[in-house]
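Right, one structure below, let's go through it.
Which chain is which? They are A, B, C and D, in the order written, and residues in each are numbered from 1.
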Amino acid sequence: MEDTGRKQPSAPEVIIRMTGIGKSFLGVRVLRGIDLSAHAGEVHAVVGENGAGKSTLMKILAGVHQPDEGVIEIGGETRSFAHPVQAQRAGVAIIYQEFNLLPERSVADNVFLGREPTRRGLVDRAAMEAATARLLDELDEHSFGPRDMVKDLSVAQQQVVEIVKALSVDARIVVMDEPTAALAEHEVELLYRLIRRLQSRGIAVLYISHRLREVFDLADRVTVLKDGTHVGTVQASEVTTAALVKMMVGRELDAYFPPRAGEQAVGEPRLTLRNAGNGKLDGIDLELRAGEIVGVAGLQGSGRSSLVKAIFGAEPFTRGEVTPVRPGNVREGIAAGIGLVTEDRKAEGLVLNQSVRDNALLVVRAVGSRSRAAVADLLERVRLTPPRQDTEVKYLSGGNQQKVVLAKWLTLAPKVLLFDEPTRGVDVGAKAAIHDLMRELADGGTAILMISSELPELIGMSDRIVVLRDGRIAGHLPAGATEEAVMALAAADGAAA
Amino acid sequence: ASDLPPTGASAPADPGASAAPATTSAPASAGTGEQSEFFVQADYDAQLAMRSQTAEGPADKPWEQAIAPQMVDTAKYKKDGPYHLCFSNAAVNNPWRQVGWTTMQEEVALHKDIKEFTALDAEGKDDKQISDIAELQAKGCDALIISPNTTATLTPAVSGACPEVPVIVFDRGVETDCPVTFIKPIGGYAFGADGAEFLIEKVPAGGKVLALRILPGVDVLENRWAAAKVAFDKSQLQVVGVEFTDGDAAKTKSIVSDYIARHGKIDGVWMDAGATAVAAIEAFEDAGVPVPAFVGEDQQDFLQKWKDGKLTAVAPTYPTYQWRTPIIAALKILKGEEVPKQWNLPQPKITQESLDTYLQPDMPLLHYALCGCESMPGFPGKWGGK
Amino acid sequence: MIALVANPTRAVYAALVATLAIGWVLVAFDGGTFTLNDMVGIQQRSAALGIVAVGQTLAILAGSLDLSVAYLISLVSLVAAETMAGQPSNILTAVVAALGVSALVGLVNGIVITKLKVHAFIATLGVALVIRGVLDHLYDGPAGRVPVEFQQLGYARIGPIPVAALLWAAVAVAVWFLLRRTRLGNRIYAVGGDVEVARLSGVRTDRVVIAAHVLCSLCAGVAGLLLASRLGAGAPTVGTDGGYDLESIAAVVLGGTALAGGRGGVAGTVGGVLLLAVLDSVFNQLEVNSFFKDVVRGVVIVVAVAVYARRTGRRAS
Amino acid sequence: MKRAIPIFLVLAGLLVAIAAANPFFLEPAGFLAFLKRVAPLAILAAGQYFVIVSGEFDLSVGSLVTVEVVVAARLIDGDESMTWPVLALLIVIGLLVGLVNGLVTTKLRVPSFITTLGAMLILSGAVFLWTGGAPRGALSQGFRVFGREGVWAVLILLVVVTTAVLLMRADFGRTLVAVGDNEKAARLSGVRVDRARVLAFMISGLSAAIAGILLGGFAGVSAQVGQSLEFQAITAVVLGGVVLGGGRGHVVAAIAGAFTLEALFTLLNLHGISGALEYAVQGVIIIAAVAAGGLRLPALRLSPSKV
């Protein structure tokens, strides 16, 4: 694909150019032959499905990972970064997708970590705090100050700290990996303003987001990645949303999801919540019926994960009614036939150093169930290919890992299965397989509650959708609701796309 | 918390020759290696001579006896009772010290004119003992008894205490003669020679002897071995090995088993301390070979084994009755009576003839026979006996 | 009360005051008194452990730990005393040599942990064994001689305050300052808090861990010098007899520093050491059996950490 | 199990070297003597393995071994008829100490390093407080049979190894490894994480009781019998390729680690490197072995579940 950037009338200075970048993790190739460039004052968006390799590419630029192949040039000079600090010194600032803060330290400490200003050799706390305060001010953030401990901040506030941290670097390139995922609308607006200011100072911004509206609002050019390959780079002004989506997913969206449940397929209630709540949630009314897939939408930090964890028993519901069981702990949840596919596979779902077999049997072993499902059958059911039982799970691809998690819960023959971001970091093929399996389970009578930040997926899969906002149900939507309708409920002022 | 065996674990130490170590290397003969750098000929000669000298003092109270005493005047310390005695103890971390410490407390109880007895346990830490000595000086003690944890390192603290209060040192010594009196049995050379001479007498010429030592570098233990080495070098015996056991019964037993396996027959075992003697004997029993001539110590388990197994054995001693003497000495000093500058207590050895006198079946197995405590009011209960 | 327990540093000082008060009452009942001398004794007694524990704080804050300090202390005492050989003119050389050896050991610890990626427990245990082998090989007993001038360090007082205590205070203040006001201090907290976050923020985490270990070993070296000055000689068992390895870790944790790293500080450690020393002193006054003392110490340490854990909440993974 | 191959190679090499230096080793009696000597450490390593693989430490086993022996001697006091009741009591003590360690670690959330460090102080303090500073009493002949007669020790070792292997194959073992690898995932899969850890500590306590019975039997009462065994046991387990922090490693390899350590001691002894440099060699080998194991998996964290 040609680099449309070169067609710019007065070719501005190219600040960053990555050519032919390739990278493998544990033998799995996640990037190959990626080209990406950005020039001074440009906002260059990078889009692609989950697991396409966007974050990995940015981490390579930031010196976190070292590429297996390819060249990075900054300001025309070839650079290779063995450590993040080298990238930082070369003028790369990055807001990571995951939180990258020390909860036990103050905001100012976090912002200047690794770059503490000094006076006569000593850390100049006053300068640090003043600079942090100034940046917070620019972001119109007054709900906390430089001296507050990060652990006392909300998810959105922490995201602001991440942004401040990146802005505090005197950078030529600022990378933002999903910076708005946790932000409310007015905060997003402030971020826009900041980005424009960076642009005017001649800084190149690499911007990753799943919200295409933001991409069109901000970006000059858009690079699309898919399955670790470079699909193309286009001028934002010359492309439509539909075309971009097509580049990302490589096919029409509609054909992508399995058919929904028919009216008659929905059976008896499996789980009913009445006015349930806890520290994070309040006034939750929800009914889950056999055979349906209910989608849960909401911004990051809106309480979606808390909801499924509380239903499962991993966190308590302190108020309200939950029928037929309100599990006091995980084991009671499991005994009641509830399973949870957690959002963070590696941290919460898998025992990475153990074999596929041990992982698949974890739940039955834990609850001492006598029914020993044949692991081979299970792996066939979740379509794990090739079904090698003795492989340690850490060597599997994200999609296959997720299938192992599913196998683990299938041993239970669950009555209710909760999915928290089930296809995050999963490739397209595996994604489709997981979607098919979810529908198959629902058709078999399992009640499914599914969280996804990917609205097309959520909409495509769900028989109905509940939208959370600040721990409360902001509204219910029927099958086939539009993304705009969902976002309107999720973000109070309803401006997001 | 340390995995190093405590210095002198079961090694009651005497300072005998801790002064300036000399290197009088005896002719290195079969198996005994170089002579220890701790060997001091003059001290060696003096101790060996003392073995045959008769001690002065009441015959039935060896803890009040002294060999070749050089009396010093203590009139300047004379004061009226009742007295407050203080004691800085190195540690109570092995049966020898445990027996001694019990004996000392019972001795204190015998004297009505001791109104207070303050004792601090340094737990085997030099640094703590230094602090303890300083702390005791501030307690208004009339006399200070010190059982030093190590010789060299406690010297400054003892020197510091001497001008403040009459100081009595026993067991291990210090490198200063400022204490009013220093109480000890004859010493390590005598101990080592007693055992070696016994083996030379009992084991036929050319016989194989295994020497077991606790660990190198502790002066008193070095002296015991040095004296034995001198004896062995002059003899016709063949020392097939000199091994360090760390005072650990299991290690002792393993080492002896290895030697039995390698040499088939061992004719004599010399030990620098008897705490692991029974483990060494068991190695022979377990291997199904006769127990050879043995050197142990006055612990009941060894004496019992000796008697039950009809062994050919001897038990040199480092008597625990020396724990009585410092209290007696302190009172003498405070009453202005003269005491020996160096109080050499008799150091008997237990032989076949005297075995039955010292074997006390009602006492705990780890009890030391020469406690001199049999007539004390708390006996035997306070020592764990029945 | 809740406010007191809410912050481990404050909690340990509250416990310290309480122990002093209870101890005073107990001693009074026993017919004794707590004198100025006892206070001096407490300071003397705390100094060596205090200095080691301050260094150990650095290692633990950085998410590591050091089990080699006890043997290092012995080694340093010998290096110092042997180099001095009773000559005042050698003091400077001896101090430099002692600290040089310490720094080297710290460097090895740090490199084995960061570059060879050996768990700190095993790495420092292994280094401890190596030092032990060297000690056993070269020394049989106390060796060297410390001149009287240098013994002042261990014995002299300025007014009622022992020089040793001042040395401890100086080390503690220096490390406190390092943690509070220098980049290295900031980064030690960061690395101990989360290595990955620190690395992604551009911190050279390996260097920080190595530096923490070098400083920890230097503190052990200073303690070794102090002990040599008190003993008048070097002693191959002075470190292990004092149990400085596990005891320093216990003091640090007692002071509220999280064993996992990233949380705590020197002030707490000083409190922890003082608490142990006051306990010791009270037990000494009451002439309590040393075994009973061990039992109480064990209980105090576990209970203290349990109290801190209660307020810190559930440990993540 | 693949991780464990190096340790078996090293062990084989050491055994060959020992046999070369001392042919007696190849005779049944010689090998039996070696097995008898290894048995206590191997059993402790097996127990320690359960704790380590679950992500914890047990520093209290050394003191516990001492306590077992001292308690046995004082209670039996040479009386044969007391043998069996006291043996039973020792087992109970071992399990109880493990239970307390486990409960304090899991329920009070005290890091096990501190819990067991405290236990170490409390145990040795308490037992000597009880006996007045040094062991008292005596063991009966019946008690000592287990440690003195090589066949018994080897038999007990065999039983322990078999039980350990079976336990690790059972649901308990698999879930225990899961706990050590990823506590959160295990919890969210319904594993009773705390219970698994408490049981691991109890197994470790039990192994200390058995090791105490063997060691006390072997050489009689001694206050030093358990000294530094905790570090040796941990070292053995780590030598066997088991990762501190939990979740990885095989119990047989941990036991092989104990054999390796003991073989190393034996070999150093045979070559006269006893005492002095023995420790230095040991230290270097341990670091080297762990470094070699770790370097193949560069993604290791500095301090896994952080001690």
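Everything below uses one rule, namely that contacts are C-beta pairs under 8 Å (C-beta built on N, C-alpha and C of every residue); 3 or more make two chains touch, one makes a residue touch a chain.
Owing to the predicted nature of the structure, the values given are computational and were not obtained by experimental measurement.
Ranked by number of C-beta pairs in contact, the top chain pair is C-D.
Centroids of subunit C and subunit D (each the mean of its C-alpha atoms) stand 29 Å apart. Chain centres here are Cα averages; for subunit A and subunit D they lie 45 Å apart. Separating the CA-averaged centres of subunit A and subunit B is a span of 75 Å. Multi-chain contact residues, meaning those touching two or more other chains, occur in subunit B at positions 1-3, 92, 216. The set of subunit A residues touching two or more other chains comprises 347. Multi-chain contact residues of subunit C (touching two or more other chains) are listed as 132, 246, 289, 317.
Under the stated contact rule, the graph of chain-to-chain touches falls outside the line, ring, star and complete shapes. Remark: subunit C residues 63-65, 112-114, 116-123, 125-134, 136-137, 195, 205, 209, 246, 249-250, 253, 259-261, 289, 291-299, 301-302, 305-306, 309-310, 314-317 touch subunit D in the complex. Touching subunit D in their complex are the following residues of subunit A: 312, 314, 330-331, 334, 340, 342, 347-354, 358, 361-363, 365-368, 408. Against subunit B, the residues of subunit C that register as touching in their complex are 35, 37-38, 41, 44-45, 48, 70, 132, 139-142, 151, 154-155, 227, 230-233, 235-238, 240-243, 245-247, 284, 287, 289-290.
Against subunit B, the residues of subunit D that register as touching in their complex are 22, 24, 29-30, 33, 37, 78, 120, 132-138, 148-149, 215, 218-225, 227-228, 231, 269, 274-275. Per the touch definition, subunit C reaches subunit A in the complex via residues 181-183, 185-187, 189-190, 193-194, 197-204, 262-263, 317.
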